[in-house]
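There are two complexes below, and they share subunit A, which is joined by subunit B in the first and by subunit C in the second.
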Partner chain A sequence: MNKVTFDRKQLAVPYFIYLVLFVVMPLLVVLYYGFTDAEGHLSCRNFAEFFTNGKTMGTLVYSLVIAVVVTAICLLLAYPVAYILAKGSYARKHAFLMVFVLPMWINFTLRITALKEILTVLEGNLAYHPFMNTVICMVYDFLPFMIMPLFNALTKLDKSMIEAGHDLGATFPQVLLKVILPLSVPGIISGVTMVFLPAMTNYVVLDMVYNSTYIMGSLIGSYFNSYDWNNGSIISAILLMLIGFFTVFTDKVILGKEEERI
Partner chain B sequence: MSETKTIIRLDGVRKSYDGKVNVIEELSLDINEGEFVTLLGPSGCGKTTILRMIGGFDRPTDGKILLDDNDISLLPPNERPVNTVFQKYALFPHLNVYDNIAFGLKLKKLEKDEIDRKVKEVLELVDLEGFEKRSVSTLSGGQQQRIAIARAVVNEPRVLLLDEPLSALDYKMRKEMQLELKNMHKRLGITFIFVTHDQEEALTMSDKIVVMADGKIQQVGTPEEIYNEPANVFVADFIGESNIFNGVMSGRRKASFAGAEFECVDDYEPGKKIEAVIRPEDVSVVGEKDGILTGEVTSADFKGTFYVTFVQCGQYEMEVHCLEHYRPGAVVGLTVLPDNIHIIPYDMTINNFLGFIDGFVDGKGLYLVFKDFAMFVDQHRIYPDSRVSKGRLLDENGEFIDYQGKEVIAFYQPEDGDMSDDAKEGDVVGRIVSFYYIGDHYSYTIRTDNEIDYVVDDEDLWNQDDKVSVILPKKKMKFRLKQEDMH
Partner chain C sequence: MRGHLIKTAVIFMLMSLVLSALVLNGCKRAGSDTVTLCVCNWEEYIDEGGWDEDETIELSDGTSIIGEGSLVEDFEEWYLETYGIPVKVEYSTFGTNEELYNQITIGDVYDLACPSEYMIMKMMREGMLEPYSDGFHDPKAPGNYYSYGVSPYIRNVFSRLSIDGERLDKYAAGYMWGTLGIVYNPEEVTDEEASHWNILINRDHYRRVTIKDSVRDAYFAAAAINYYDEITDEDFIRSADYHKRLAEILNRTDPDTVQAVEDILIRAKDNVYSFETDSGKADMVTGKVVANEQWSGDAVYTLDQAEEDGYELCYSAPAEGTNLWFDGWVMLKKGINRDERKRHAAEAFVNFMSMPENAVRNMYYIGYTSVISGGESPLVFDYLKYNYEAEDEEEDTIEYDNIGYFFEEDSDEANEKYTVTVPEDQGRRQLYAQYPPKSVVDRSVVMACFDDESNDRINRSWTNVRCFDLGRFFNLRR
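Our next item is the complex of A and B:
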């Protein structure tokens, strides 16, 4: 009998097929639609349209504002939590971490439905504060994604670094500013990446809290709903490029510098 | 000797984590200004904890730490005139060499010119001129070590703490750094407190060595004192090589051990149990007929400047460092000068266990309860003249004996105890916390969860931390009522 030889590389085959069918192919389709017009001719009109149309640019700015505010609040809330969890002397810090990450197990629309009830009790009519409610719901939704990478980065931070800071005469705020923060930059970056871009496109949250202003996600959705594949695709493609730039930038410029030092 | 001033004083310091077992037990120590003091001991002996308490990273559970007679026990590290060189250097990877060294100076808000000058000076001190702009990750282990020292001394601390700073370096580098640290100490004139588990390093560098084990100070002294006059068997065994034998004083300045009688200079009353320590380099090999001991060479290994020779004298083994090579199988005589035999009185406090009497059953005896075990013991072993009448215990005058709750001390000889790796076989279970070789057997100290030590002699080699059970020699155990209850 012929022995069937098994190569470890073959383990990657199922995912590779999945990747080609559901990631690479759709991306190519998006690029195709993005750079063709309704008749199927190659065209850059959609691309130019995005940057000249006041409505799309306004949406981009609004999305950026939401994303910046949500990311900043997430960072401010998550950092102390992650620090206490990572550096505190609790016997079951991973169990505590679970408490913060646990909400991720429940679908986010369900969670936001629940949160809406609380906000209604507090505010009365949700429609009066669309921006604030959007931010509150998104922060609630994305917080675990910020805590996790920060927790990992701060756990790796050698305790003797903090002690060395104190030893050299620094108070806790000084150690935080001059030692802990700079050394947790990789964690901050991955946390920001995990929150910032999803916050730009998560239009379901806006719909749920009756925020009728468009963000990038709703814009794409509205084009697709009216069967305008070309304009919808070019916006998706542009967002994709933004993600690409952001990733390359953080990898090369900020993390690259870190690696050089470590 | 010139007038010395105490700079650091530990006064009855005790440390326990979460209210559990004491890491440091009631420890007092004076450190003089300008001294190079080494805390030496095996891992887990509490030496690093002491350093961390002086540095301010840990607080003593009890007791005080004084600097210049001021209590600093509760002062945070950033308010102490003390700097630390950490074991793994703890250099900041996000800062270059200059910024690492200037870290403390910038916090003190010094002028830029002054910082520049001080950084330059200290880089010269550690022989790394011109390294200001280098990233710390590009430095070798030895260079990082120097930067870590520079970063600490640039703040001109009163006391410099060094936590096993050389342990990560290779042998040659370590030797070099030992000398450099010693020179640096001379030039700077500040007090160094150095922690290490390497006895050779401690002997080379220190003005004063503090030998520690089990959270307790075993001995404080100059390197010569520690080496030549170890205070106990632990120190003798830990510092350098030594031959240790159990014996008794057989006369005035005469000790009998290893199957022979030796002249010695320590004077204890005849009959006293002792332990004799002989350094391998102090044993002379002579002709077969001329030695106090005669034995057969079992092995001889060349160590560069001498041969490590083992001589079997009857059941006792003696390690000898000699310049000549004796072939295994050769029969030789061994002598030791009286001056080179160090006599340590036998520690009579070991294997004494405090318990109490909790009842009497006719036919079985008195029921004794100790912290780790309980047992029935024939009443005559505690009350020799007692008799039993109608199930009750009477003394020689026919009075009832009030035995209930009386405190009893049990004792056994280490050589009568036994060990087993089967937990069920013995009476108490614990871990081996220390052991050393005594001529023809090993002496093991086994510690139970109740922090009680059992000393047992055994011929086989077991390992530190082995979980073993101790088989108590119930027939040979001795019992006595605690003194104060006798009256």
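Our next item is the complex of A and C:
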């Protein structure tokens, strides 16, 4: 009789099944619909139309602008926080981190509903500044996703590097720019990846703060609502390609350079 | 080596078992005596029971109505008692017509569903629906509460609608109906302003009005604004075929109309507070906006809520014309699948919902207006009086005397019979929303189910309205 033993490879089986069923297969379905027309014939028309239709390009630009602004603000807000947290004494560190991550435990629609009321009091009428409100709410929503990876990267940062910088006569700004910032690039990149794509597609936030202009997510939704699976799918596929390029780009170019320098 | 393979296979099989249990969440076929009926209805669109004792509706003739259990459970009980067959209702809900349609095309199986008129027509056109049996339409046969109790007005509307030569009433039985109009705050908006669709592009209410985030509702309002001069012309209104011509105009989908509507909607987008799917009701009650485009049933809900908070909102069905909408029960071919027992249970479900006391329970619970007028039973009209009739000592009252068309044929006699004395403001509030006077239904049109080409055109134009326009932003055009 064989002894019942598991080797480590088998532990990957559940995830592998999950991956195939819920990640790979839906992706194939999306690609299939994206590159066929309504009759099921292979076609690149949807793909071409996306880039030639002024309105969809407008949506892409609008989503990109929102995503870039949101990501930039998140980064600017999160970096000092993560830095202070990472440098603080051990006991305080985790308690404070909890304070920043705690909001994530509450459903984001609830949080935004509350924020909406506050903004209404401040602004009088939310509909006057749809873009600003969208950015405020998204930043509020995504900030923890930026803090976490930055915090992790900065905690792991070797203190002796910073000390060495100081010992060699660098001022704090110099150390920050030449030592800390470059060493935390992996954290910045994973933070940006976690914020950027959701900011391009999370149309629930726009709906909730009364921004009636479509972003990529709402555009996909509107195509699906009119039973146009093909055009909806191609947009999803294009978004996927964008984020794919982005990942490859950061991996190869930025991280690659880092390695060279070290 | 073999041991490994077997173990891997076992894990794999277990996983797929768990997963298939998750995936195959369709409607199960009952193998035993019990009939399983899969019903898919709008969210919060049926009496779910659990009323408080003091919510009991006590009508003038001594009948008292209370929803203790949910109507679905009551149906199961009633069906077993009446026909001696146990039935199990698998009840699920949908959020939009498109969602329902998508669910069904993806493969969900339902026996009975409750889409809106245009979706019913779309499903009819695509051959998805099962016709009601001939016996269902006989008002004299026992148990045919729908056929017996449905309002003559609704019966008439149903019989006039057809698609591809098939009459709508062959495939659908009504459930709730109403108009499309404007809920407004009378302190901020005048009655005159609210009685025209162009309030949506009225600069005096910049960023204080909401419009529905639905292609069809927005399109209808914009088309009415576009053809304002034509459809409010005195001669046009007096013409013999006024209603027919109005329906034709407000259902136009030619490229010029679509373009004109698009331009109006772009103006509306710059002017309104938001395109809303569900937030309009709350925003109206909290005072964030002063007017919003709304279906009559939701309007009643909004008005009730505002009343609880201590202030008054009104409802208007604009003068240019309003969209007459209704939701109806349809049987799905795939679900019924020639199973006579299922068909019987499905028809009985519709009939059960059409019993006057159950129609009243639904109306109380969800605020929409049932298509049931009750035939000889006075229950529905009594419920109307119970809700709206003025107290004896009340001073400012009006005679609300133009709803005979709903309960009987439209005649002076019927109007007199169904006259009710109500507080003055009900002439433009809940009662007006629930049971619009004849003048409103005269200018109401059903919005047709457009053909694919028109739908394409309209959807594309809708995307244009909603997308960020680079050219316009950088002032390259217009």
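As a convention for this text, the second predicted complex is superposed on the first by the 251 of 262 C-alpha atoms of A that agree within 3 Å, B and C clash if a C-alpha of one lies under 4 Å from a C-alpha of the other, contacts with A are read in each partner's own complex, and residues count from 1 in each chain.
Following the convention adopted for this analysis, contacts are C-beta pairs under 8 Å (C-beta built on N, C-alpha and C of every residue); 3 or more make two chains touch, one makes a residue touch a chain.
Predicted model, so just to flag it, every value in this text is computed and none were measured.
By the document's definition of touching, neither partner reaches A:S184: not subunit B, not subunit C. Touched residues of subunit A, counted separately for subunit B and subunit C, are more numerous for C.
When both complexes are overlaid on chain A, the residue A:T201 reaches neither subunit B nor subunit C.
In the superposition on chain A, contact of A:T36 is made with neither subunit B nor subunit C.
When both complexes are overlaid on chain A, the residue A:M161 reaches subunit B alone and has no touch with subunit C.
In the superposed pair of complexes, A:T71 makes contact with neither subunit B nor subunit C. By the touch criterion defined above, A:A170 reaches subunit B but does not reach subunit C. When the two structures are aligned on the shared chain, A:T134 is found in touch with neither subunit B nor subunit C. Residues 2, 4, 6-7, 10, 13-14, 17, 21, 54-59, 61-62, 120, 125-128, 207-208, 210-214, 218-219, 222, 224-228 of subunit A are the ones that touch subunit C when the two sit in their complex. Those residues of subunit A whose C-beta lies close enough to touch subunit B in the complex are 158, 160-161, 163-171, 174, 178-179, 182-183, 185, 258, 260-262. Listing the residues of subunit C that touch subunit A in their complex gives 2-4, 7-8, 11-12, 15-16, 19, 96, 98, 101-102, 105, 207-208, 213, 215, 269, 272-277, 279, 288, 455, 459, 462-464, 466-471, 473.
On the side of subunit B, the complex with subunit A involves touching residues 55-57, 76-78, 82-84, 86-88, 90-94, 103-104, 107-108, 135-137, 151-152, 155.
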